[in-house]
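In order of appearance the chains are A, B, C and D, and numbering begins at 1 in each one.
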Amino acid sequence: MEIELGRGKRGRRAYTFDDVAIVPTRRTRNPADVSTSWTIDAFTFETPILGAPMDSVVSPETAIALGRMGVLGVLDLEGLWTRYEDPAPILAEIASLPAESATQRMQALYAEPIKPELITQRIAEIRDAGVVAAGALSPQRTAEHYETVVNAGVDLFVIRGTTVSAEHVSSDGESLNLKQFIYDLDVPVIVGGVGTHKAALHLMRTGAAGVLVGFGGGAASTTRSALGIHTPMATAVADVSAARRDYMDESGGRYVHVIADGGMGTSGDIVKAIAMGADAVMLGVSLARATDAPGGGFHWGQEAHHATLPRGRRVAVDQAATLEEVLFGPATTADGTTNLLGALRKSMATTGYSDIKEFQRVDVVVSPYE
Amino acid sequence: MEIELGRGKRGRRAYTFDDVAIVPTRRTRNPADVSTSWTIDAFTFETPILGAPMDSVVSPETAIALGRMGVLGVLDLEGLWTRYEDPAPILAEIASLPAESATQRMQALYAEPIKPELITQRIAEIRDAGVVAAGALSPQRTAEHYETVVNAGVDLFVIRGTTVSAEHVSSDGESLNLKQFIYDLDVPVIVGGVGTHKAALHLMRTGAAGVLVGFGGGAASTTRSALGIHTPMATAVADVSAARRDYMDESGGRYVHVIADGGMGTSGDIVKAIAMGADAVMLGVSLARATDAPGGGFHWGQEAHHATLPRGRRVAVDQAATLEEVLFGPATTADGTTNLLGALRKSMATTGYSDIKEFQRVDVVVSPYE
Amino acid sequence: MEIELGRGKRGRRAYTFDDVAIVPTRRTRNPADVSTSWTIDAFTFETPILGAPMDSVVSPETAIALGRMGVLGVLDLEGLWTRYEDPAPILAEIASLPAESATQRMQALYAEPIKPELITQRIAEIRDAGVVAAGALSPQRTAEHYETVVNAGVDLFVIRGTTVSAEHVSSDGESLNLKQFIYDLDVPVIVGGVGTHKAALHLMRTGAAGVLVGFGGGAASTTRSALGIHTPMATAVADVSAARRDYMDESGGRYVHVIADGGMGTSGDIVKAIAMGADAVMLGVSLARATDAPGGGFHWGQEAHHATLPRGRRVAVDQAATLEEVLFGPATTADGTTNLLGALRKSMATTGYSDIKEFQRVDVVVSPYE
Amino acid sequence: MEIELGRGKRGRRAYTFDDVAIVPTRRTRNPADVSTSWTIDAFTFETPILGAPMDSVVSPETAIALGRMGVLGVLDLEGLWTRYEDPAPILAEIASLPAESATQRMQALYAEPIKPELITQRIAEIRDAGVVAAGALSPQRTAEHYETVVNAGVDLFVIRGTTVSAEHVSSDGESLNLKQFIYDLDVPVIVGGVGTHKAALHLMRTGAAGVLVGFGGGAASTTRSALGIHTPMATAVADVSAARRDYMDESGGRYVHVIADGGMGTSGDIVKAIAMGADAVMLGVSLARATDAPGGGFHWGQEAHHATLPRGRRVAVDQAATLEEVLFGPATTADGTTNLLGALRKSMATTGYSDIKEFQRVDVVVSPYE
């Protein structure tokens, strides 16, 4: 796969979800005979779907609603819900900003400090509703807030940055020792983004229960233009899945979950993520499109309000269906934005597979969209 | 052709009709000396063209008109003509629906039950006109309705789904044993869609007279966005044509017809389908464009009105010419939408071939549209 | 270069001018030290440019004007100038037709019969002006009119069809024996289009002085959509140039000129055609853009008015400069449409070559336009 | 990397910045621990950035402002500042020209002769401000004006043409002997553009301190359409970087700086240029976008006003931020046009590199923008 780009510089050809497609080649099966369930650590979900820790996607309320539908909603513990007692007017303001000044105003709104007591309160709210409580911190703030998070009784702890490495070098000696950190913690940790076999293998060795594959490649991101960095997702998921197998071998059987994170705007993309080897998918824009999503018709990530180097935008999304219709249908449009689970089920049935793990072996072809 | 997409996942590069083109390399020939005739089982047609079983393409009336022009029109036996005594007002309503609510209203209109007596009546209508009568069922409803269809005196029986496999697995044990079914039947069966060599070989072994190559790849389909599934047609037709040759060898000479189904919007695409190895082509949008097509300026397939997971749209089409002009010209535009047979004939003559079977050997190059 | 497109079907990857670019790698040179002259048979021209036999490009008047500028204008002897005593009002009408009915009206206008006495008269007009007189017939009408053409005193005889083969098969036995025909003729013959090494080699063996490389690939053509046929020009010119070398070897030194015909809309494309091996280029749209071109702001070829299967369109062109400015500048725009010769000269100088023949060896890279 | 384009013609596949992306694979690092400094000859700059010698980018005033920010602004010594005593009204006129007549009027404005005394005066102005003074001449005018430039006390001498070769052939014997010229000169010389390993190696042997990689590939250029010449930048930078290594070996340790020139419209492109091996980047449009850039909302190069063969355009640019914000932020948009240094720093930190030289080894993948 290595290509000579010029004398002395080589690089691999890497593929996006748009570059690949699934091909039916075997028996077919009834959609009703297909299971989409997903188990990580002690938790089993009816769907292999996580809601991304973004203010436009997961609020405490949507985390609860998603949990009841078999989806793991992850709350951003550095977002509006831990900065403001009542984020409702802030969310409303963001949804009403004119495009040209949205970035600048969001930089100001997110300058409000994080309040540890709100972290505690938000996690309790979700736990009390009887669903699995998951919250996310960035690597930069994990050391500062993790005790609050754990004490609040979080079930699954997510550390999510644009890139997370097992080995972070800092001249001030304050970097996080991820391995020690995870070892000391009582709750399972999901960590990422990561995009290569080698980096994933190192993250798996820290004891993480799952790794997020991605690098800010979602619908609201401009990482490629701003930083020149890009993680073509089909190749990245396949690479990290190979790391999962290699790590399972070296660890004597520990299975670390591979969770595709970003770049999945349609049900077809979700299907392809699993086809490339993912155990589950973390969705942003796909859920932000729901009429009952907190973004109110808009979608943005943490990169959108970075104080000096924003690398994302607040983007407008079409609101076509409720969260439940987005996930389970019935669909009344044909564009792959509603009935995500129905589409996954149909795709698995059409190619003759009965569960997510098996479906990772489905055949794919390379055939870029024209 | 296998490419490493990432560690542990490989896939073939597959090609669409847009990726390839025909090159003249040999002698030339007079168009008048070219034959486009096609024979399947006991039936010979002046053209290698089938009208697709879609309500926008084939009604009993157009089936008769097409038959008289040497084209095999296949009636959808699960469409409006077997659900309504008089579909004319329903077709008119569909053609008048606003784009945003078309899917939802069509879901309701197609919820009307299929009436076996209408199946009988529609097939009789076509037969009585003296043309070859062909009708299509989906694999899901074949067991329920095939006796009605056969008793009605159908000449060619088409089983057409987005994917049909020789081996369908179902927990309730009700799946169709395609081999037994075809063996028991008196009429020749055409079955599909299929997209790979292996799946095609299995279908050929069921005793089918022809296989349809495709997977809902037509102009009105959104299968790729919704399911992540895509069958690049140039590669699929070549693969299935190779299966035809391999099956002919293993069966001691039985020739199963390869019929390209979908993705052919211009006469150039029809030419390329045959160049890649097809014996005939099943046309949807190309015929729906006729001023006398039943769609009345619109085109849609069964995927467009699926109750919970629509994977297609009702699309508007330009109505530029009559069915006869679309097929045989004269053309008064230059976009490859009229005089389809004239174009095929000219292309065969220009490259020096005299019949469809020979023309399957014509040279092609890979040169994607810019 | 052969790619497996599917089991049992292979094809070469072929390249267009847009896929390639020239790279400076050697010494540079002064543009003033560069020669662009071209000699075919007994005729030497200051430029390696032919005006295409299309009514929008060459009239008797423009043939004379071009000749005086060192360009070989080829008159279409089956166009308006041999069908009408005074084509001026017809040209004016064509330039005034609305887009939607242009094809149909042009089919009617070109139904007017060709008049042999007008062939004689037009050629005389050009000859009498003291420039090289060249006229073109299609292969279909060569047998009927060539004696008129030769007797009129044509200097260079062009036979130009979408495809011309040395071996044309016809059931009525009336096809042209090209070899005998050229042997019998006193004037040098340029013949084409052709797109492959093998077909070119056969044409060269007929005794032609030059071959045209192309297959209706110009700006006004829809051959690819209509017939599925396409000749990616960069590959075709390289292939036919290799045939020139091979034929020179087998014939003991006869040099047959390779003339790229079609697909060159900018000066950059002309440069690339020569870089791929062409001795000269036949231009259509590039010259039709002149304010004094006969098309009056429009451009079309013979395919545009075919009676039953038009495979081209009348296209509107921007009229930015006189014929002389288009060819020799000065340019006042930067889009590669004016000062074609200045650009060629500059490109040759920048890469250090001093004549057309040498420049055929310049380095190229593959780098598709984004 | 060589591809057969047709029989007898081969070419390398070459890559643009858009074709490649950086992948994080190692440790991460704090952006604060990253150095972006660049040293050439006796001069050290805080950034690896040069302002291109274009009238829309560098005036004496901006050269001084840039110098104070750690950027080397290079003044075009054949531009408006050496043709007019007061270019302010000329710049204002250019910014007010209608698009259709801009080229023609600029041809007239730049016909004004260059005045040696203005060369002296402009360089003195920059020097007197205490920043490094750099000025550029074209190869065609270097012999005529270099003594004026050197006597004026320039610190860095830039010779910049669309292509510069070590060996220039001219029939009038007046060409510049670059090696002798550089040897005789007291100031370090940066020379280019160049696009291949071989040509770069020859330029390095002339004694240049740095070479510019590029061929008029910037935002305002139409070289590809006009001349057919194109230098895909990712491949060119890698090739020339390999020449730097090879020349270092053959010269016993002389390090010639490789400066990417053109085609970098975003911070992501700057990052990629260094990733492919560049020591520094020369920016045009990126700096012309500043509200305090001399172009006043427009950008153009010397090619835009060539008297007979313009190969560039005056293009309008969005003015979003001051020069300081463009370079160092804070950014209030996310499109890679502001905080260029912040983005570079972040990208280096994310991939774990601490200085520019190290960062040249970062991993890249091939993944074209869709």
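Just so we're on the same page, contacts are C-beta pairs under 8 Å (C-beta built on N, C-alpha and C of every residue); 3 or more make two chains touch, one makes a residue touch a chain.
Quick caveat, the model's predicted, so the values are computed rather than measured.
Looking at chain A and chain D, no chain is in contact with each of them. Two copies of one chain, chain A and chain B, touch each other, and the residues they use overlap weakly: the shared fraction of interface numbers falls below half.
With centres defined by CA atoms alone, the chain at the far end from chain B is D.
When the CA atoms of chain B are superposed on chain C, the rotation angle comes to 90 degrees, reported as a multiple of 5.
If you average the CA atoms of chain A and of chain B, the two centres end up 40 Å from each other. Centroid to centroid, with C-alpha atoms defining each point, chain B and chain D lie 57 Å apart. Annotation for chain C: residues touching 2 or more other chains are 13-15, 235, 369.
This structure has the following touching chain pairs: A-B, A-D, B-C, C-D. Those residues of chain A lying in contact with chain B across their complex are 1, 13-15, 20-30, 32-33, 197, 234-239, 241-243, 245, 266-272, 275-277, 329-336, 339, 342-343, 346-347, 350-352, 363-367, 369-370.
Touching chain D in their complex are the following residues of chain A: 3-9, 11-16, 18, 103-104, 107, 162-172, 175, 195-196, 198-199, 215, 222, 224-232, 235, 303-304, 307-313, 368-369.
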